[in-house]
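Next come two complexes built around chain A: one with chain B, the other with chain C.
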Partner chain A sequence: MGTIEEAVRGFLWQFISDQEVEGDHDLFGSGMVNSLFAMQLVLFVEKQYGITVANEDLDYENFKSVNAIVAFIQSKQ
Partner chain B sequence: MDFDLTAEQRTAQAGFRQWVEQHVVPVADANDNREQTPPDLIAKLAAPGYLGALVAKEYGGEGMDALTWGLLCEEVGRGSASLLSLLTVHGMVIQSIAKWGTAAQRARWLPVLATGETIGAFGLTEPNVGSDAKSIQSIAVAQPDGSYVLNAEKRWISFGASANLILVIAKVNEKPTGFLVERNMPGFSSEPIYGMLGFRSANIARLIMRDVIIPPENLVGKVGFGFSHIAGTALDHGRYCVGWGCVGLAQAALDASLSYSGERYQFDVTLNKHQLIQEMLAEMIVNVKAARMLNYHSAFLKDRGDPSLIMETSMAKYFASRVAAQVTNAAVQIHGANGCSSDYPVQRYYRDAKIMEIIEGSNQMQQIIIAKSGYQQHLVAKRAARRSSAIEGEGK
Partner chain C sequence: MASGKGKDHKIKCLVWDLDNTLWRGTLLEDQEVTPHPDARALIRTLDDRGILQSIASKNDHALAEKKLRQLGLFDYFLYPQINWSAKSESIQNIATLINIGIDTLAFIDDQAFEREEVAFSHPKVLTIDATEIAQVANLAVMQPHFITEDSRRRREMYQSDLRRKDVEDRFEGPKDAFLETLNMVLTIQRAKQDDLKRAEELTQRTNQLNTTAYTYDYDELSAFSQSPDYLLLVAGLEDKYGTYGKIGLVLVEKREKTWLIKLFLMSCRVMSRGVGTVMINYLRNMARADGVALEAEFVQNDRNRMMYMTYKFNHFREKEKRENWILLENDLSREQAYPQYMRMITE
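And now, the complex of A and B:
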């Protein structure tokens, strides 16, 4: 079983072609992903880790980069 | 993947069908002519719990699974696309509050949405903004006391003339944000829109909000998440309903065509003995089945919470609405002049099907995201193949 970061990167790669992404790269701010990705990311996090993303989690800082997503998942576990 | 319905789902489907035959089919044309869904029909829709189908049981709803909900949308869409649009927009508000609302919002709104005491509608489209939803011009200004002052005009809002709770997307400092606007708030007004091509009994309205004070407890989610998450949740749900509703609409047109072509004589035989009619019927039958299968697939993914459900639902909506347009077109053709008259419902089906290609993201917008996604999947497959080859090479 891989790390959370590997899983997040594996999911992200489905949306960003062959681009390499630094851990703190701003995914939304750079236009690398679109608004549809935002909901797909929520579904991924919920399904993969059995957690619920809710109102109080709607913070850009939770989703903006690979590192942020990994930290968010860890904080919810 | 199991395509069999459970015993409970089959029972539910039969109940939906019977309810639609009893309460919707007999009045659908009259409501279309009158350009209104009367309150008593909305009350009838609420009585068996259909308006609360998506609300969790703890809030007084039915807690329906995705496939059963899809079956309900199909049956209601078979009876009336306009009435289906009530399930759609009401459900969009329910889903958004259930997913992104606060505990207080869920406790306040979900029980009354479940019973139909409160009717929901979704306000995104504006006079100058359709597909380019990020360019909405509705503005909400934050006040020192935590409230917002909303100035907005929304157009083509299904059941906007009936709803008393509208999920409105507006910008706060250029950031898209969702608000729950209540009909009784000072500064809110609505004007019915008549003379539409289709969805004529969807109580479509223009909504005007002039200096409406929105209390902080009516903010849905957080500032800046109105489009990506709030509208994203609502529109995904909307596409799901529309996809299923299109199957129902197309099925109604197909059923009417099978019936008519089996009874109408031309050249001493019924229409269905003519091979060119058979060709049309065969296309209709296969396309309706294919559209239904795509919707089954998105239901399967939705019940599993699979991230791919968003794209698959987009594809199901896109395909099913195209099928509805093609099948209803063929139905009018098979019916000839009769099909163009108000004596037969196929003209209503045909008009409503056109709307299905436009709502919840026009089919051109669906094509853009489907094509992009398809190319992305192609790149992912290529990369996987390259890696597989590299691993095999290392092993030799």
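And now, the complex of A and C:
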């Protein structure tokens, strides 16, 4: 099994064409993704890592970029 | 005569038999079949009312399709079931494929055996003897409560959805590349008188993509649309495959220093199109231009988590919470770009 970052990027590629997206690039702010993506991203994180994402975790800051998602997953493990 | 239990339900789809019902004669035996004199008019009348139509016929599919095309009728039918299976099975398939309750189907056939076979498996389906064809349009269950522009185009919208899904399923590559190919145009406008019936229907029918599930009737919506204290917006979407119709609704209460989003909903048909983000962004820009804060109510239920996420990922934060009721406030300092794959038309 690869790193968390590889898994997150693998998931992202189903949705965005830019495979070189910077780790800190704001996915939502740049209008790259939509709420179905957000929903599936949260489900991916929950299922892949056995994490329950509560309402208070559903924060922009936790999901806005590749780095943020990786950090969030690590903080929950 | 027409029979079936649960007859008070409005019919959403009429399923036709072909031989000796839609047309006179038996396709596989007779040289020539001609449409029943009342069939064509009935098909058009129901189509105009937004009642969908399909076919359950024991026939050769290719031959029947060819005949229906010759008659200029093929396009009126969704998911025609022309095969040698039991008609009860065909009826079930149609309900499943269109995704409507089986009790909203009616079935017209000249043969008592077929009507009984369907009625036995599906007692809630309204079965109609083909000899009653001239009266079908007058049945109370065939009269929708109201007809909107969207209901008149319902069949067309289903058909463009089918073409879209087909292309989407076969599309290889990331979602954003697919969305780029659609040439979507989103129109956001203040609700006009013509939109209010559809707006009422949206508040009543939309469960999943609905922030509060507050329902409003026509008169209330009409009052909001004329009040200086409210903003009632309707969104429509189209793309190169056709129109999705009116798919979104927002009700904003304009207080002195704060705009409060009372209701924000979208049709499930546009779930993966990015419409929610664009609409919230539009409201954020309007609030910014007016120098007011932007807040939103949310009433949590077991189906609308996605709308909570839509708010949270578009810069809303929880401000107050009482059981299932949540008040969110927006951080307007964060700028957000509109996605490139959608063109917007606003007032």
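As a working rule, the second predicted complex is superposed on the first by the 75 of 77 C-alpha atoms of A that agree within 3 Å, B and C clash if a C-alpha of one lies under 4 Å from a C-alpha of the other, contacts with A are read in each partner's own complex, and residues count from 1 in each chain.
One rule holds for everything that comes next: a contact is a pair of C-beta atoms (placed from the backbone, for glycine too) under 8 Å apart; a residue touches a chain by one contact, two chains touch by 3 or more.
No experiment lies behind these values; they were computed from the predicted model shown.
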Which superposed partner A:47 touches (first chain B, second chain C, both, neither): first
Which superposed partner A:11 touches (first chain B, second chain C, both, neither): first
Partner chain in contact with A:60 - chain B first, chain C second, else both or neither: both
Contacts of A:38 with chain B and chain C, given as first, second, both or neither: both
Overlapping contact positions on chain A, where the chain C interface meets the chain B interface: 13-15, 17, 35-36, 38-39, 42, 55, 58-60
Residue ranges of chain A touching chain B (in the complex, touch as defined): 11, 13-15, 17-18, 35-36, 38-44, 46-47, 54-55, 58-60
List of chain A residues in touch with chain C within their complex: 13-17, 28-39, 42, 55-56, 58-60, 63
Footprint of chain A on chain B - complex, ascending: 99-102, 221-222, 224-225, 227-229, 232-233, 236, 304-311, 369, 376-377, 379-380, 383
In the complex with chain A, residue positions of chain C that touch it: 173-177, 271-277, 305-310, 312-315, 317-318, 334-340
